[in-house]
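Two complexes come next, and they have one chain in common, subunit A, joined by subunit B in the first and subunit C in the second.
This part shows the complex of A and B:
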């Protein structure tokens, strides 16, 4: 078997890249996944999408991606619905430092055309009536932000790519990448060897291991993030509610359930995606402080997935100097779902040698080698 | 319906408990769950399905399935199959997924 382009990983990134390449007329694209589409971080994620970021690059990635999500059903001719609930993100400032930082963030966002704004406690309470406004100093709000169904969004890319002839192989695990004279020549799976000169590493939490197979070392590591879902109730919350300092995000999805999560500062850098009672305990206490009503609901289920952390919390996209034909689309640091439309577009441009929609210097692997100051994104949970 | 006589088990008299269903008076017995008391009064449609609004009744009976969710004393999503009946409870059917304020 051979492939013009072989993509490792059928998460939101791999499927978006495949569709973008195929829609530009690229033939013989093969996507390999050891599980099935969305079985990695994508199917485990909070699926929130927001333009409210603190670095320019993340703002732009999100802004352009959200413009795509707004049209996703039509563009991808999806017979179902990706369930884009575009009712904003309310980001809580709980410390004076956050309050000051958010003023700067909003100025940056506004300068890029992102319609975010600072709101007072009282305004925040009008936006989310069950918020305990006494627990916050202020907040920011952007109505462009929202939430999608991660399974359906992946399915939409997957089906559209398949219609254009992309071949998906799963379950099939990549076990090795053959490099000869500094060029990719083949990918070995547990089932076959596929001759190819272009490989895309979109393997999420396993992207470091995949890169190693090609002899490339990349500064990423997997980190467990836990999440839960409650019983559904009638709609009471439009926006996602989020706090960086208090380590919380909480969204009511269209079905009526609340999906919420928080990071674990002590999480090990490994592939553990088990879930435990400690998270349940901490999550309940945190949400009770800000959204007391939500604390009355029963938890239906909890699970976990891997963030793939990069040093500056921005993705690593593009080529690798040492190995020709090896491309990276990883290191999303907990926000790769919302960037996927841009990940797909930019990667297709890089691979096909087209001019890129955004200057990719700040997303390249090379940014970590050049001893240059990198700007670290702080607006993360 | 209640089983009054059984070849092996005895069912001693139990104290009546007054409650309301949809505003009307009803009697259950001490030791009943809310759903058991409703059944004894001939009420078997406890809730409705969320999309097609068809009647839903007693199903898992162990507090897992949500088929018996009702509003009790103003609180939505009460699992009536495992919640003991108490004197004076106001039980109503719930429209939709439970409205919290």
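This part shows the complex of A and C:
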């Protein structure tokens, strides 16, 4: 078997890259996944999308991606619905440092055309009436942010790519990448060898291992993040409520259930995606403090997934200097789902040698090798 | 009986017809079907529909039900209010 372009990973990034390449007329694209579409980080994520970031690059990636989500059903001719709900993110400032940082964030966001704003405690309470406003100093709100169904969004890219002739192979596990004279020549799986000169590493939590198969070392590691869902109730909360310092995000999804999660600062850098009691305890206490009404709900399921952390919490996209034909789309640090339309677009431009929509310098692997200061995104839970 | 009126998943209102339509479109793993239709994702967590889904996939693929994996079972075993969990956590301190 041979492929013009072989993409490893059928999550949101891999399917978005495949669709973008195919819609530009690229033929013979193959996507390999060890499971099924969205079985990794994508299908485990918190289903939130937002434009409120602290670095310019993340703001731009998010802003352009949300513009795509607004029309995703039509563009991808999806017979179902990706469930995009734009009722905002309310980001809570709980410390004086956060309050000051958020003023700067909003100024940056506004300068890029992102309609976020600082709101007082009282205004925050009007936006989310069951919020315990005494626990916060202020907040920021952006009505463009919201919810998107990760399974359906991936399915929409997957179906559209398949209609354009993209071949999906799963379950099929990549076991090796053959490189000769500094160029990719083939990918070996547990079922066959696929001759190819272009490979895209969109393997999420396993992208470090995949890169290693091609002899490339990348500064990423997987980190477990836990999450839970409650029983569904009638709609009481429009926006996602989020706090970085208190380690919380909580949103009522269109289905009616509440999805909420938090990170674990002590998480090991490994592929553990088991569920624990400690998360449940901490999550329950945090929700009781900030959203006491929501704490009345029953938890019906918990799970976990891997963030793939990069040193500056921004993705790593593009070529690698050592190996010709090896491309990276990884290190999303917990926001790969919401950046996927831009990931797909930018990667297709890089692979096809077109001018890129955004300057890729800040997203390149090379940024970590130069001795220049990198700007670290702090707005991550 | 009309498969549009046969509910496999009572928590999430998923009908036999919806499952068969997805099978016809090539979605044959219980994990994929669960993620698209929400079958088994309601308060009972698939305790009723899990086996029905397994049977339906087996029938479609002409396999034995035991050859079809059930979706992953995830905690909790039964729904528990967040408040009760928080109170229990307080008591541990």
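Quick note on the criterion: the second predicted complex is superposed on the first by the 381 of 381 C-alpha atoms of A that agree within 3 Å, B and C clash if a C-alpha of one lies under 4 Å from a C-alpha of the other, contacts with A are read in each partner's own complex, and residues count from 1 in each chain.
Criterion: a residue touches a chain if its C-beta (ideal position, glycine included) is under 8 Å from a C-beta of that chain, and two chains touch if they have at least 3 such contacts.
The structure displayed is predicted, hence computed values, not measured ones.
Asks: Considering only touches as defined above, state whether A:1 meets subunit B (first), subunit C (second), both or neither.
Replies: It touches nothing on subunit B or subunit C.
Asks: Answer with first, second, both or neither: which of subunit B and subunit C does A:43 touch in the superposed model?
Replies: After superposition on chain A, A:43 lies in contact with subunit C alone.
Asks: With the two complexes superposed on chain A, say which partner A:231 touches: subunit B (first), subunit C (second), both, or neither.
Replies: A:231 sits against subunit B and subunit C alike.
Asks: Report for A:155: first if it touches subunit B alone, second if subunit C alone, otherwise both or neither.
Replies: second
Asks: In the overlay, answer first, second, both or neither for which of subunit B and subunit C A:296 touches.
Replies: both
Asks: Contacts for A:352 in the overlay, against subunit B (first) and subunit C (second): which applies, first, second, both or neither?
Replies: The answer is neither, since A:352 touches no partner chain.
Asks: Could you tell me if A:285 is touching subunit B, subunit C, both of them or neither one (first, second, both, neither)?
Replies: second
Asks: Which chain makes contact with more of the residues of subunit A, subunit B or else subunit C?
Replies: After superposition, C is the partner touching more of subunit A.
Asks: For subunit A, what residues appear in both contact lists, the one with subunit B and the one with subunit C?
Replies: 231-232, 296-298
Asks: Which part of subunit C faces subunit A closely enough to touch in the complex?
Replies: Of all residues in subunit C, those touching subunit A are 29, 31-32, 35-36, 38, 41-43, 45, 74-76, 79-83, 85-86, 88-90, 92.
Asks: In their complex, what parts of subunit A are in touch with subunit B?
Replies: Going by the criterion above, the answer is residues 231-234, 236, 256, 293, 296-298.
Asks: What part of subunit B is in contact with subunit A in the complex they form?
Replies: It is residues 50, 66, 76-77, 96-101 of subunit B that touch subunit A.
Asks: In the complex, go through subunit A and note every residue touching subunit C.
Replies: Spelled out, the residues of subunit A in touch with subunit C are 35-39, 43, 80, 151-152, 155, 229-232, 255, 275, 280-285, 287-288, 294-303.
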